[in-house]
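Look for chain A in each of the two complexes below; its partner is chain B in the first and chain C in the second.
Up next is the complex of A and B:
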């Protein structure tokens, strides 16, 4: 089980992004997380996947000290999450030995591996990023808005692949998305990130004051 | 009907690769109409927008007619008669405060007030105007791009993916604003892969596949299992939505 206890995050300018988040994600459990943009959902994802240090609170799961990290993040913008100067073979090898069967399952032709990231479309590159994530044999996956940039058919195909893999391998999955029909379709429960957020100044959406001058 | 933009037999040819990127595109826009253009990424949606605005790079050759009120569109129509809400948030000048960028393009007696009103309608705080583009979130930058376009007097608005990265509330504010634009008698070409947005705004939906429009259909035909849709790809786009068959659709194929 992945346990997040009392996690808080404050920006260098003393703005508190989120405060006292606690949640648990079981192996094989699928949870959705929604909430307005700019509230810190991606920052939260980066903290629990080890890209940012936890400032206060705790993150616990089995084999947390292992490498690669047992909690893996799939990013919103695939083109920004791969090295543009590496061929995709190298991109994947960074995660582990390339598994032909897995590439087959994700409909990734072997010849793509000799290409550079800019030679694939956004949806194709996102499949590479998913493959990279799965090659690490993660216990938990955080999927941060991973299909917003895709057309509906590409979205359905990607989620079908992920759900099949996740269910077969008993992986805990946290899906961050604004798309409620998507979350309702895939998740056992949906959390609202807004409840973890302290209202703070400078929030873009402020209906009470300062909008009309 | 009062037609304002006509696209007739439009094609775009890639001279180096020697193949057509857009082929035989026909449609017209009339005042108060919203036509949604949907299709997979890479199908040529943004290219069609660039082509209408005469913004194609030199290695692409354009044939056919793009008519604004019965005469060929030229570069002087850009920003005056036809305006683009660009897809890329990188379209903002990184070295200029966004308020200045917006005001400079609003043709009104009091551009500052018009800008503040537009920002407020899109749920943005007035202090956004004093920021530089790098100080905006993705969703805020997208709304700033929209205010620039909607502050213009143009009668045709081409909105190229105006909603990705916007949360639910911001998305509905954008939809509401575009609806006002439509009710003011302007025509909107709405390029999107978000069916939710297309269905709420559009009268008709055109489906683009590999450079060709394969179906133009009434927005009400997107219902049920899509039995009123004709082309298999149009049906597939509809059925693969999360509120429809979704991954069960992907399993079938």
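Up next is the complex of A and C:
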């Protein structure tokens, strides 16, 4: 079980972004996280997955040296998360040995592996990023708005593939999205990030929806 | 594609190795001194009647060796220092300070100092040139690395369990390759010209060694009396060698980055 206890994060300019978040994610559980833009959802995801150090609080999943982190983040922009100078075969091999069965499941043809990232479209690249994430055999996955830039058909396709895999392999999934219908379809529980956010003082303040103005 | 790469490399090597073929020492011929280019002396003769073509070919080998060794060493030093600077913030401060220090001193002064301390000669010049030519390329590489480190795919690599040196080798190097190539080809002629100037001042190679720098600095005294061929042909040869080298480097880069993705359409 992934347990996050009393997590808080402060920006370098001493602004507290979120405070005292506690959250548990079971294996095989799917939780949604929503909230207005700019509240710190992505930062929260980065703290859990080890990209940023937390200011205080506890996370019970830590990375071991030279081993992939057990909690993997899938980024919002697939174009930025693959090295443009690498062939996609190398991108996948970075995470582990290529599993043909997994590539079949994700509808990734073998011809793609010899291509460069700019020769694939956004949705195709996102599938590569998901494959890379799954190749590390993660216990938990944080999906940070991974289908925001895709059309509904491509979105449905990707989510179907992920849900199948996650349910079969008992992976905990935290979905960050603005898309409420999507979250209601996929998740057992939806959290609103606004509750974790400290109201701003001074010149900028939060309005009703928690948007920082 | 391969032709573009191999022809310049072949020509470069031929010119470079030609001086091994010239075994006999270059003779003095005081009767035929100061001759303009002709069929018997393609590059003319100098004030001692020595054939300039032979001198140039002999000289180009030493100069190219010196240029390549120096450029290679200072690019490597720049790469190492810029990687160290990204490894640790403390090293970064140290490297930035060293760059400032070396850039604030005139090249030639440092070069003379180092070369003089090491006793001149080939070794002194090479080490002196290496220690004065690294800051410019290190600065470029360090800036590139600072930017690369913030890229998502580099951060993802960290979370995939890859160590710093793995990332340096696989993520950073392909992005630094163009900068390294440009830095190398820029330092290369620079080093040869600096070798010429330090030799001219008497702190570098000894005058009996046939380097292009020595030929050029000697010809300075004769240019005003109309003997243009003394400087023109050796300079042109040097320029040609550098262009050949750059052609090869460019074709090699294209060859490495060639598109293999649609190969099966052509190969059946």
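Convention: the second predicted complex is superposed on the first by the 194 of 213 C-alpha atoms of A that agree within 3 Å, B and C clash if a C-alpha of one lies under 4 Å from a C-alpha of the other, contacts with A are read in each partner's own complex, and residues count from 1 in each chain.
We take it that a residue touches a chain if its C-beta (ideal position, glycine included) is under 8 Å from a C-beta of that chain, and two chains touch if they have at least 3 such contacts.
Just so we're clear, the structure is a prediction, and the values are computed from it rather than from any experiment.
In the superposed pair of complexes, A:12 makes contact with neither chain B nor chain C. Of the two partner chains, chain B is the only one that A:121 touches; chain C does not reach it.
Applying the stated contact rule after C-alpha superposition, one finds that A:154 touches chain B and leaves chain C untouched.
In the superposition on chain A, A:36 makes contact with chain B only, while chain C stays out of contact range. In the superposition on chain A, A:49 contacts chain C only, with no contact to chain B. Touched by chain B in one complex and by chain C in the other is not one residue of chain A. By the touch criterion stated above, chain A contacts chain B in their complex at residues 35-38, 121-123, 148-157, 159-161, 163, 178-182, 184-186, 204-207, 210-213. Chain B makes touch with chain A in their complex at residues 38-42, 116, 120, 123-128, 137-140, 164-171, 193, 195, 236-238, 240-243, 245-247, 249-251.
Partner chain A is touched in their complex by these residues of chain C: 151-153, 155-163, 170-171, 174-175, 259-261, 263-264. Interface of chain A with chain C (complex): residues 49-51, 63-69, 72-73, 75, 77, 80-83, 85-87, 90, 94-95, 111, 114-116, 119, 132, 136.
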